[in-house]
Amino acid sequence: MGAWMNGSLQGYILVAMLLFIIGLATVMLRRTLLMQFMGIELMLNAANVALLAFARFRGGDVTGTVFYLFILGVAACEAAIGLALVIALFRHRKTTDADRADSLRQ
Amino acid sequence: MTEWMSNHLLTFLVFAPAIWGLLILCFPEKQAPLAKLLAIFGAAGLFFISAARLLTIPPEGPMNLVFAEHMPWFSVVGLPVEYSLSIDGLNLWLVLLTTFLTPLTMLGTYRSVTQRAGSFMALILILESGMLGAFMAQDLLFFYLFWEAMLIPMYFVIGIWGGDERKYAANKFFLYTLSGSLLWLVALLYLATKAGTFAPGIMAATALGLPFSVQCTLFLAFALAFAIKVPLFPLHTWLPDAHVQAPTAGSVILAGVLLKLGSYGFLRFALPMFPDAFSHYAKPIAMLSVIAIVYGALVAMVQRDIKKLVAYSSVSHMGFVMLGLASMTVVGTQGAMLQMLNHGISTGALFLLVGMLYDRAHTRMISDFGGVASKMPVFTTFFFIVTLSSIGLPLTNGFVGEFLILNGTYISGFPWGRVFATVATLGVLLGAVYMLWMVKKVFWGPENPDEDSGTQHLHSDLSVREIAVMVPIVVLIFWMGLHPRSFISVSEQPIVNLLHSAKAPDPRVRVQPMLKPESATKDGLKDGLAADGAAPAAPSISGEEVRK
Amino acid sequence: MFLLFALITIIGALAMSQQKNVIVAGLCMVLTFLGVAGLFLMLSNPVAAALQVIVYSGAIMVLVLFTIMLLNSHEEEPAIQSRPIQRWVGALLIAVFGAFAFRIVMGSKALVDINTLADANTAVRPMEAMNLAKVGEEIFRHYLLGFEIVGLLLLAAMVGAVALTKKEL
Amino acid sequence: MNLTSQNWAALMPLLVPSVAACLIPIASLDKDQDTVKSVRAAMFGMALLALGVSFFYFTRIWATGQNVFFSNLKMDRLGQFSGIFVTVAAMMALLQLWDHLHHEGWMKGETLSLLLFSAVGMMLFASTTNLLMMFLGLELLSLPLYVLTATVRFREESIEGGMKYFITGAVASSCFLMGTVLLYGLTGTLELDGIGTAILTTGADPLILVGAVLLLMGFLFKISAVPFHQWTPDAYEASPHPIAGFMSVATKGVAVIALMRAFPGAIGLHTATGQRVGMALAVLAAATMIIGNLSALPQTNVKRMLAYSSISHAGYLLLGFVAGTPEAYTGVLFYLVIYLAMNMAAFGMLTAFGLVGEHTQFEDLRGLGWKRPVLGVAAVITMLSLAGIPPMGGFFGKYFIFKELVKTGHVGLAVLGVTASLVSVYYYLRVVVALFLEQPSESQVREASEKPEIQSFLSTTTVLICAAIILAGGFFQNLLVDGFAAKALKEGIEILR
Amino acid sequence: MQKIAWLIPILPLIGSAFNGLIGKKAGKKAVSIVGVGTVVASFLTALWVFFAMKDAPGHRLDLIYGTWMATGSLTVPFGLTIDPLSGTMMLVVTGISALIHLYSVGYMAEEEGYARYFCYLNLFVFFMLTLVLGNSLPLLFVGWEGVGLCSYLLIGYAFETETAPAAGLKAFLFNRTGDMGMAIGMMALFALFGTLTIGDILNQAGHMQAEVGFGVLTFATLMLFVGATGKSAQIPLYLWLPDAMAGPTPVSALIHAATMVTSGIYMICRLAPVFSLTPITMTTIAWVGGLTALLAATIGLVQRDIKKVLAYSTVSQLGYMFLGLGSAGFAAGFFHVFTHAWFKALLFLGAGSVIHAMHHEQDLFRMGGLKEKLPITFWTMLIATLCIMGIPGFSGFFSKDEILYLAFLKSPALWAIGLVAACCTAFYMARLMALAFLGEPRDSHAYEHAHEAPMTMTLPLVVLAVGAVVAGFWGIPKVLGGTFAVEHWLEPALTYGHAEAEAGSVHEGPAMMLMGISVAAAAGFGLFGWSLYKNGTEKSERLAAKFPGAHTILLNKYFLDELVEGYLLRPTRWFGNVLWKLFDVIIIDGIGVNLPGALTRVAGDFTALLQTGRVRNYVLSMGLGVLVLLYIFLK
């Protein structure tokens, strides 16, 4: 347990996993588009945690940090596109409820 | 050009109609009469070329692959596929039947199609290509390609120019036929990947090395595809729909040629490739054939639509063909061979005649007619002669085929042969029942007095064009009835070899007839099946069939 | 310390996912991001931690909250058609995943190996904090293309966002 | 940093479209682009030129037979193959887009720019073995596509489709990322080869397998295999026809190629992990064929039908992975080429017939075949090829795959495959039925007479070219297979040796 | 030179082709010349060939002209066999045909379809000769079916009426039913002997022992006999013959009395060595023949239509012939064919003459008193009547008596049946003559216009009458001091292939007594009928009223037509309908074809439902997919 307190690799990975799953759960269970959007951000962050933890435990591999920086950029891009889509949809429907946008089906 | 022709006659025969058809397809709607004429001339020209070139085969005596073209086509990573066409005794007459019926059909339905007639003729030409290719192809994948490709023009012929239910009929035709051949494709691939080639001979040799149960499964997959095409009971239900809905030319080609592909497939591929499985399943096949014969006749008896009646009669007649093949005797198989031609001629002619009637009366209901004989005596004469051929009256072609098949089945040596032959004879009787019953209702008796009836719409007897279509057919009907040997002598030796090797216990003999000499030596069967490579001595057949 | 940050992170995430009010949820997420930044610190990666705070907690979350304000929809709208089965299947699936993740992570021998190896290494030579210069060299030596691509990506996202939301069509 | 000529050669095909993609938005700032055709033409011309140059470079490299590279960008034969594949698809989409955007009455330069961005992303995605670069490529190809899906933004369905695509796509990207991170963490490298070797030497840790699953899911999402397929119909229906065609063809193509690099190429088939991948793909391929084909049956909208059809084709493609022989992968590449022609033609046909907006129902196609016979025949060829009827190329695509499937003993899957394609014949024939076997309804005739004549020269041309490719695939398949697909594999990822 | 025998059948065929193709344009005169001329020429050729045959060794000519079918073990040549049996038959056929062609020239003079008629009639002669002369069973079968076809065509000659085509169809189908049996019999023989050439079959049969019990040979011969019952109108396939009277009267005379209907007997005689090996078949033949003779004769008692009476009489006489055959009297049976051909053709032609005179009135009850108007007809018909009654001195007596005698040897019961039938025959023939020619005219209008027929019609009557009287002396029974020459004459054919000829039947015992009984009975019943109807119909009506049940049954021909219709045809049609509508449409097409299609559709609807349109569900399904993958990977 002592290792846990100091943060062993397993601990970090577990946190990352849980974060990932909570993010997934948010996307899967919430109807509000913005919430789903935040869930996606959580999932990306989970990857970040795992990435940096691995980088650290792999002897301070800089590739991890480089990767982290790129992910940062990607997250920003996704945020931009995602929010633009939310706004565009809101203009049509005046709602951010994902379930209400179901005119395309079957 | 002529040299190319003589070297590539088969290629020419297969692809010329399609290319001609594609050219005609480019004609604008306004030029339809010209397009039609060109199409007919093209088809007729092809017939004359094919007849002139192919009939140089000596009519008697042994013949192996006479006209053949082989070259590698594509051999993508492993499995080579050959561009392989040939004409021998088994398909010579079927090829000629195709080239013969196509121009006649076009001429016979020259005026029947009014809308987009040029495209119609072009599609028939393309269809002809497909059929010729399927008859000539010797490589199994090549055969499969033609087999499937043929569906496309036929689909359009039924779907565009058909009757009211044409969409349903066309789709049913397409899907029904395809459903069988797709499983066949899997079996084909299975065997081909085992054999490393699509050449039937080597595949047959490979098949013989497989466990019997696998052979049976493969055979069933083959048989399913062929049986649907034949069509064998109970896989026949696409046929009445397709025939009734198809325009006249479509019905003629469908009945005249397309159905033959099924029985031809049995004869050419299923029987020699899986001789054991074939004899194992000969009884069920024969039983289904007998059921088809009687069933088709009984159902035909209660039809109200002439075309549907003829369609069901096809089921019955093709049942005879399958019975003959299942007998595995030379007599029966030769009978089947002849019956294929007979059915092509007679049923094709019947559909043509029904089409001529329909063109005038715009109905095909039996009850709409009556007393047609007094309105159209020439037509009646032709119809009656063809009817006689269809019911198998001696001296017409129908008799010889059925006679040989029944005798062949009776002497087959299978314990069921006698029973089935006896029951199948019922089909001969029932054939007369439904055909003559229909003839009586339509042609004899007083004229149908109803103003709207079909009889009252008949204003003209056959034109010169229509007579010109029927005369060659009638000539053939009697020729085949009087001198069947000119048609079946070429297939005698191939069939004797085929059956001999199918029944032979020695595996080396068994695959011989399917091997091209060069492939046997060149590729060399891996298990040394063709070690001596000698062609089998012509087996004596006298003792084979007569069992006292 | 690790446990603290980990708990902040997880609790923040859980709270976020359960919040009815979107703004509160957003704030919970900021909390999570801060927890993550703490974790990064624990991982002796202060640069990442700083970027986490600046970019995520700062920029992205502000963007999100800004959008929320813009759209003026704070509360979750009532469901148009409740399909509890979907909810339950979803919840069950998440539970399975959670249990699964726990088992896998705990049962993974490779992680333990890496951990022991790292511990052994640290014992010999203490871990130094993340070096920006090395990162820069890595980026421009090995991941130059990636860097360019991220640039393209940002441009594409910009163009896309503009194309989607530009006022006049 | 010194760039060798080899580096340039590898970089140029990506560079040129990127530059054009940056320039086009500037051109679209012109306020008059709605009215001045020349501006539009200039933008289209620029995009087309960029792709053309890129295509030219690819063919040049292909002709020399070199394996050029720049940093992590590996322009080997497989990369060149995918580059040619993507540029051709993109060019066709562009040509069709010109017509389509004129029919829809809405035109924006950004669309072209995004298309180019996406194409660049695809080229990158398929021509790198570095997972990080692959992730970036994935994002670069996905993000513009989300927007492209929502191009016609005055239609709310369009935005909705984009939004759905975005959310599912982002989840999938996150999974891909997580998988990448896990694999990186546990093997210590981002290179696929290294990962493969590490797995071989150290054995598969459960967590590595989790990483592999997440990575696989990222690919399968792009291939739109069941059950990661549900975005497909919605996104295709929402997007303009050429974009839908481009998405269905190029995305799927590069995803398949990338998957090829990842699994048979790196992890290998005969390792325990590789066999698991094969098993998983077999299950998913079966499900994909079944669900894709069945769901296509009741569709009334041609685009949705085509979407489900593209799902079912994903199933056939995956079957090639199940067979897992070099010949099967060659077959898959061949299939991709034909698939490109088929789907670009199928969606292009809608554009060429001038169907816009909601009017993509089967009824809207009625009788159009007779109105434009050449196009109609091309459409029929396309549909029959999609259905796998010889002598069209589609048959040979299936043939190569099924053949290997049977050879490797997966007879059951082959039977399932042919049965599924039998089902598919039914819905493809519905298009044929509508085009040639049915007459247009009276209201349609009236509407058509009121509207001006449809101008769709460019899209018609693309459809005809596609039909020609399909037929070529039917008659000269050895050219395509031996000359193109097999080479790409042999000299690409060495799995043929 | 005997090779020109092929001309015998071919000449009529040429005539037929001429009449059919260009007869209508060529005019009636040309048609008559060609139609009659070819048959006469054929007759003359036949005579020539006949004498050539007599001189040939073994009284036998085997002529082969080529091969028809040849495949595998089956070879069928085109060949003719002329031996005493076929030679005699050939002469009868050509001779009587020539006469009837001549008769038809007058009878059909007014007809529209004159050329068509002669086309069919010539064609019939061709097929009949093929049947007679063909040297193999398939060739015989060609004629066998061909005459059936011509019969169909000629019965349905008046195709624009309702009844004639129906009758033709009925005839053809009943014939075809028999043909089926014939075909099966042929197959069985082929399987047994490995050949279908008659000579070869008989050669092999000659070395075989008679079959004990029911074996393959019995099956084959029984099937052949089924064929004979169809063609020769025996129980159960005789129903078509009375209806066949819808055709023109000369046709009835030629086809349905003299030639075609006897081909069954001819065929059995042809294969006599085979048949004699199968006692079961022989007994069956005898009983079927005897019962048919009785049944038809009883029906004939009450018929009103002059041709129907003659038709039933024909059926009855054919029964006699089979009775003879079945009693091992092949020669006797054939002898009756020979004599019957003369007098029955004569009877029909006479009836035709009457009908012609009465303007196509066929009801006996509307005739009467025609003796004065039609003297030639009357006298010639009277001769024929005496023949058929079996009055000594006339041909019928010789042949019939021989049969009855042989039947007695076989079984007294058969003899009794034959005797009763003979009595009935005498009665209805007397009735016919009396009703038609005696008493008062019952239809005065028709009577006024009645007149004797033209030369072309009366000449054949006279010739036939002479023949009818003379024919019998060919076979004077031994009991009357004759030699039964016919048996000796036919011996080479009937015992062909047998190592030693069977000893001819020995006449002894009660032969004279039997003859006396039968002659007395026939004469008695003849006189009874004569007196009953001499002065009109009142007496007979009184008699009928006494036995209403029997009369109704007889009048309705034992309701057999109705039985066939109700219990055979209608159920078959019903069955066909069931097969079509239930089996074909619902079971195969519905359940087998459309149901899987519909199920696929439903499955498609279902899977499409999974596409809910809600993005959360999409993510959920992706999650499930990951779970599945995880399961596969980590299991």
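For reference, chains read A, B, C, D and E in written order, and residue numbers begin at 1 within each chain.
Throughout what follows, a contact is a pair of C-beta atoms (placed from the backbone, for glycine too) under 8 Å apart; a residue touches a chain by one contact, two chains touch by 3 or more.
Just so you know, these numbers come straight off a predicted model, no measurement behind them.
Between the chains A-C lie more C-beta contact pairs than between any other two chains.
Ranked by distance of CA centroids from chain B, the top chain is C.
Separation between the centroids of chain B and chain D, computed from CA atoms only, is 43 Å.
For this pair, chain D with chain E, the centres built from the Cα atoms lie 79 Å apart. Centre-to-centre spacing of chain A and chain E amounts to 98 Å, using the average Cα coordinate of each chain. With centres defined as mean CA coordinates, chain E is found 38 Å away from chain B. The multi-chain contact residues of chain B, meaning those touching 2 or more other chains, are 175. Those residues of chain A in touch with two or more other chains are numbered 13, 20, 23-24, 27-31, 36-37, 53-55, 57-58, 63, 66, 70, 74, 77-78, 81, 84-86, 88, 98-99, 101-106.
Residues of chain C found to touch two or more other chains are 90, 93, 97, 104-105, 108, 111, 114, 142-143, 146, 150, 153, 156-157, 160-161, 164.
Here the touching chains pair up as A-C, A-D, A-E, B-D, B-E, C-D, C-E, D-E. On the side of chain D, the complex with chain A involves touching residues 132, 135-136, 139, 143, 146-147, 150, 153, 156-157, 159-164, 166-167, 170-171, 173-175, 177-178, 180-182, 184-186, 188, 190, 207, 233-234, 237-238, 295, 298-299, 304. For chain E in complex with chain A, the touching residues are 608-609, 611-616, 619-620, 623. Touching chain B in their complex are the following residues of chain D: 326-327, 330, 370, 384, 389-391, 395, 399-400, 402-403, 406-407, 411, 414-415, 418-419, 421-422, 425-426, 429, 432-433, 436-438, 477-478, 481-482, 486. Per the touch definition, chain B reaches chain E in the complex via residues 172, 175-176, 234, 236-238, 240, 295, 298-299, 301-303, 329-331, 334-335, 371, 373-374, 388, 393-395, 399-400, 403-404, 406-408, 410-411, 418, 421-422, 425-426, 428-429, 432-433, 436-437, 440, 443-447, 482-485, 488-489, 492, 496, 541-542, 544-548. Residue ranges on chain A touching chain C, taken from their complex, read 3-15, 17-26, 28-32, 34-35, 37-39, 41-42, 45, 48-49, 52-60, 62-63, 65-66, 68-70, 72-81, 83-88, 90, 95-97, 99-100.
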